[in-house]
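There's a structure below that I have some questions on.
We call the chains A, B, C, D, E and F, going by the order they appear; numbering starts again at 1 in every chain.
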Amino acid sequence: MDSDIVMVDDKGKRLDGRTADELRPMKIEAGVLSNADGSAYLEIGKNKVLAAVYGPRECHPRHLQNPTRAIVQCKYNMQSYSVGDRKRPGPDRRSVEISKIISEALEAVIQVELFPRASIDVYIEILQANAGTRCAGLTAASVALADAGIPMRDLVPSVAVGKANGHLLLDLNKEEDNYGEADLPLAIVPKTNEVVLLQMDGHMTREEFGTAMEMGVKACHEIYEMQKDALRRRYSTEADEQEVEE
Amino acid sequence: MDSDIVMVDDKGKRLDGRTADELRPMKIEAGVLSNADGSAYLEIGKNKVLAAVYGPRECHPRHLQNPTRAIVQCKYNMQSYSVGDRKRPGPDRRSVEISKIISEALEAVIQVELFPRASIDVYIEILQANAGTRCAGLTAASVALADAGIPMRDLVPSVAVGKANGHLLLDLNKEEDNYGEADLPLAIVPKTNEVVLLQMDGHMTREEFGTAMEMGVKACHEIYEMQKDALRRRYSTEADEQEVEE
Amino acid sequence: MDSDIVMVDDKGKRLDGRTADELRPMKIEAGVLSNADGSAYLEIGKNKVLAAVYGPRECHPRHLQNPTRAIVQCKYNMQSYSVGDRKRPGPDRRSVEISKIISEALEAVIQVELFPRASIDVYIEILQANAGTRCAGLTAASVALADAGIPMRDLVPSVAVGKANGHLLLDLNKEEDNYGEADLPLAIVPKTNEVVLLQMDGHMTREEFGTAMEMGVKACHEIYEMQKDALRRRYSTEADEQEVEE
Amino acid sequence: MSRSVVSEIRRNHIYELLRKGRRMDGREPLDLREISVETGVIDTAEGSARVRYGETEVIAGLKMAIGTPFPDTPNKGVLTTSMELIPMAHPDFESGPPGGDAIELARVVDRGIRESGMVDVEKLCITPGEEVWMCFIDIYSINYDGNLFDAAALAVVAALKSAIVPASNHDKGEDFPLPVTCVPITATMAKIENTLIVDPTFDEEMVSSARLTVTSDGNGDVRAMQKGKSGAFTVEEVNYIVDVAREKGDEIRKIIG
Amino acid sequence: MSRSVVSEIRRNHIYELLRKGRRMDGREPLDLREISVETGVIDTAEGSARVRYGETEVIAGLKMAIGTPFPDTPNKGVLTTSMELIPMAHPDFESGPPGGDAIELARVVDRGIRESGMVDVEKLCITPGEEVWMCFIDIYSINYDGNLFDAAALAVVAALKSAIVPASNHDKGEDFPLPVTCVPITATMAKIENTLIVDPTFDEEMVSSARLTVTSDGNGDVRAMQKGKSGAFTVEEVNYIVDVAREKGDEIRKIIG
Amino acid sequence: MSRSVVSEIRRNHIYELLRKGRRMDGREPLDLREISVETGVIDTAEGSARVRYGETEVIAGLKMAIGTPFPDTPNKGVLTTSMELIPMAHPDFESGPPGGDAIELARVVDRGIRESGMVDVEKLCITPGEEVWMCFIDIYSINYDGNLFDAAALAVVAALKSAIVPASNHDKGEDFPLPVTCVPITATMAKIENTLIVDPTFDEEMVSSARLTVTSDGNGDVRAMQKGKSGAFTVEEVNYIVDVAREKGDEIRKIIG
């Protein structure tokens, strides 16, 4: 941690020109893959993420089947070339953990009781990583689920709030993250403001934590609008296509 | 092998003060874990061993099921911190072999024909190792089986007889083992003196081998008494508890 | 590539005395193992290869079963000591690929539709390797299949045509292969001259490729005669044995 | 942890009791079970502890060796944490490499230690860029009756606090205590219907909808958190849990001194 | 790729169309689908490309690092190629380490690159016997609708052509373009009944009996071949496919410039 | 080795014969099958042997390389032994990494070689603490009809006895024979009902209750033992088997000279 680096200048601007509570530029597109039942492509800052959904379909392996509801199996994967040093293909401990908490967050909103014994499989591929990929992946995944027509109580926007050189900063990029003192990724159900994903590591006072939560929840609502917008564009495209076909 | 080390002094005492045919101090306690169907904790010298039994229960994987009898599946495991240099978690070739021969030795006394298709699972965890862990593990495992109420023809006490600097010595400790020329772990069914586990490596003349077998069988009977005593204490505790409850 | 090495001398002879289109000395023996349903041992030059067939038998793993026909599962394996530097036991990427293409080549001639749901398992073990093992293995495997009595449309002889220092040379040995510029392993169905295995790597002009194919097809017919001869010897031995028994 | 199901009757019993603010084992929602901590239980480890939260029992052991530092932290020792959910501990645990549950447990415990700076890893540097102390923390669940997060974290903290760096064995001067700067404590609350309870048992975990694990330091600052399971918390609930966890941190910190 | 089956009706429809020289998507036997090639799609890679053959989509990325050469080629850089058939791309693809299909794909693509000498690996030597550039080529299938061989090979060629060696990052002088000598192109034909078609879709692959993949260079020389599936080709068919593949090579070479 | 079951009829037939002191293949209890030993069967190995005990057939090969010694034995070469129960050898054998049976076989064979000091590993030191010869002994079962322990052990002994250290290939002076000090021989007896037999076939192994494998050296001293299966031996039986194994050791030692 190099304290000479100034994370926020005297005009309140960060290294990339953002204010403390400003998201990186974000772009979401739904329905980008032909084989998957639903899919989404998302860019936020320099992150590039694909999410695809297959299901509800037969649950493999069988012993995971639940007779009363569907299970949600998310696989989060960083592609080899997505990071500075090449990552070996295949799951590592970090991706196993992230897959687990994203699965749990999505299960919180999917109406799993409608599909006993089934599996809803969510694949998140990180094409390019620049801090915040788990949140980007979850944000994309819930759009892909909606694109697949999976019944859900709500979408799940997600973002991280960080702390760097003493400042609480929304949605750290990689450069900021390298000097970060804390990171708090979270995801909410916007309709109720309930928290379905929450992690923290680093050092925050009790007060900072409270503030960071507020910043995160607020930003999730901004992301929620972009999610809905992506779906709106997707449905209108589909509608257009149908009109053309008719 | 450093021949300057004197394994037995002129008074017939070993480095730790024992005589040639003396066991290390031993302690067995039955019924130490609440989840397992049976369990035992054993210390012999500086070895610390836990054994737990689950079963008879459904056999996994299925293809190992035997339609006429239960199978005994022992897993012997050295915990990472139990030895000088940290051991990587997970089975290595040594533990696979030891698990196999302990399973076979236990199958010799368990009335497996009473439980067709079932599995009797025995877990041995070496918390701290100081030579002789396979024998300590087997000794503890048969107490755990009895604690679980698994019908058995007898208990299975086990001990190793070693040879160091030309002397046959019972129950080598690690220091002696480092200078050992041979090791002969065995286990018997005390009621019949039948041998159900037997290995040897090193160098013994035919005569030495015969003597070592005798020493081992005799010591197994001593261990047998301690096993029975542990079970007696366990049953009396249970009886006391029941009295209190009544 | 060292251009000073002369691959073909002015009399048209290769380093080992062969002409450009001459096979290495070859020996095939059918029925060499008692457990397998069919087997063959093959030497070509310094290659030593065993092939064994089990089946048609129940297909493992089950999910590979095909309800309309048998599947052919070949496992090509180089034994650890078969090459210059010891090879670690177990499949590597090369052997997975070779196993796949040999399986496919054999499926082309086996009457798989006669054995729905079954598996025909072919094991190829390279005891000693000296270039050309995949072709040697496939040649041996089809003899082993015939020895097992598996109904086939034809045998599958296989050989590679190479190019070294600008010369097209049949059946490169290891020394030639080290200086080779191209290699074209192929296998045919002799009755129809159809190609069931074909790979190439290196550099061949369009014309060279055509010539190499011709050389390969011609040599496969020579190998075919040796395959048939091995089976004839095998059947006559069996017949002799039966006479003796009677 | 996936095979077990709690019977409908038991589940309803837990619900009904909790609606009255009571629990199966007689505790109130904010009561911990009896906690016991023994250190120095493994002679072959550089530090070790056996911790019991009621019937839940774990052993943590620290082994140290000399290795090379990571290129980007040339003057820091290295910590790695593993968790083994051995089949001895529970009928649902299976042999094999760590699955998702064990990996999450290890990583959450690891973050609590790492992010609090509990171990002064700079003091574990021998020669910058060349030789540092490697700390292998291995945790074994011996008997599992809920709340492995807190038991595992406490066992690790106790093992580290009591650890001695085996310098003399490696000709690196005299042995010295592992340099420890603070005592991070991890406390978990589970949500059952609308009640939040600390230190859940196995049965309570089974019927709970969500879990929040919070690691706090001696100043009451937050060092690590992990939400688990597919239920949700309100923001108020999150804030409440953080406050309870800080209190429980103080309470437990007293136990291990 | 083994679970899917094409319905009898669909199969017969494909057969009938092909007997008339037509295909499901309106193409003729020797027509390629629309091919798109985008390079530089991954900032974190030294070279990258996203290639689409109709609905089939792959991304290839090159990562470079400094390593030691193989003892028998002390003055040559090292190339390795991996293919991941991720479950995102097709309902038949499963998680896990590469199976036979993925390994064959990676090895065939690798041979096309390696045997054509496309990358001048001697220029990737830094200090003979000590330091060379290691090239890790990773290919991910994003959406699979047939003919992964050609799409993957083209993505790799495009990624390599556009790659920059990150020398300055490693204090090895200035960055320079990856030294590329030629543009090998891979073209595959599938045999359905007695018709040979280029660039098969997934359905066409399913009903085809055999496949032949040919890599040719800018001179029309053959650099690599791989026959697949359990059907057979006549020698004449093989020769025909080689000639078509050389033509398609020229056609595709124009697309990527 | 677990799937096969011997039919009730066959089992009873074996029992009845043995009660009369006879065996299915005409042998008496202490008769070995015909043993054949061929050495030098693999040119690419430093030493090799193909051994047949009746229809049981194994090949053992030794590969040598230069490596670094273990820190605690700086002046000793390194031996490692692997056993592969390849599916070619028996319908019960499956592909995959060695299971319990193969691991036990390899370790028992290894102990016989290692504990007898057959290979003079100190003569395999090139530079103490730096360079030693590594000996990789690989055993493949080619056809399995019982008693792999003895066949595998004999193949290894024969391979080692005939091995040449490839020093000149590694610029370490002239080639020399692998330094061998003695010829340990392994003999196994199986217990069927109350009869003890040597060199059991597959069927005999299937119906036997216990197995004892004994390695003895040229002086008749015991070097390694391994009991197997879930039956029991009396102490007298153990002593008897040790004596038979020493006799069989002498008998077999004559075969390989």
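As a working rule, a contact is a pair of C-beta atoms (placed from the backbone, for glycine too) under 8 Å apart; a residue touches a chain by one contact, two chains touch by 3 or more.
Since this is a predicted model, take the numbers as computed values, not measurements.
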| item | value |
| --- | --- |
| Required minimum of steps from chain A to chain B, each step between chains that touch | 2 |
| Third chains touching both chain F and chain B | none |
| Remotest chain, chain A as reference, centres from CA atoms | F |
| Interchain centroid distance [CA atoms averaged], chain E/chain F, Å | 48 |
| Distance between chain centroids, defined by C-alpha means - chain B, chain E (Å) | 58 |
| Two or more partner chains touched - positions in chain B | none |
| Chain D residues counted as touching two or more neighbouring chains | none |
| Chain-level touch network, classified as line, ring, star, complete or other | ring |
| Ring topology as an ordered chain list, initiated at chain C and continued via chain E | C, E, A, D, B, F |
| Chain D-touching residues of chain B, taken from the complex the two chains share | 33-36, 46, 48, 50, 52, 54, 57, 60, 75, 77, 79-86, 89-90, 121, 123, 125, 127-129 |
| Chain C-facing residues of chain F, complex | 41-45, 48, 55, 57, 59, 61-63, 65, 82, 84, 86-91, 94-95, 97-98, 136, 138, 140, 142-145 |
| List of chain E residues in touch with chain C within their complex | 2, 100, 103-104, 106-107, 111, 114-116, 212, 220-235, 238-239, 242-243, 246 |
| Touching residues on chain A, where the partner in the complex is chain D | 64, 72, 93-94, 96-97, 99-101, 103-105, 107-108, 182, 184, 189, 192-206, 209-210, 213-214, 217 |
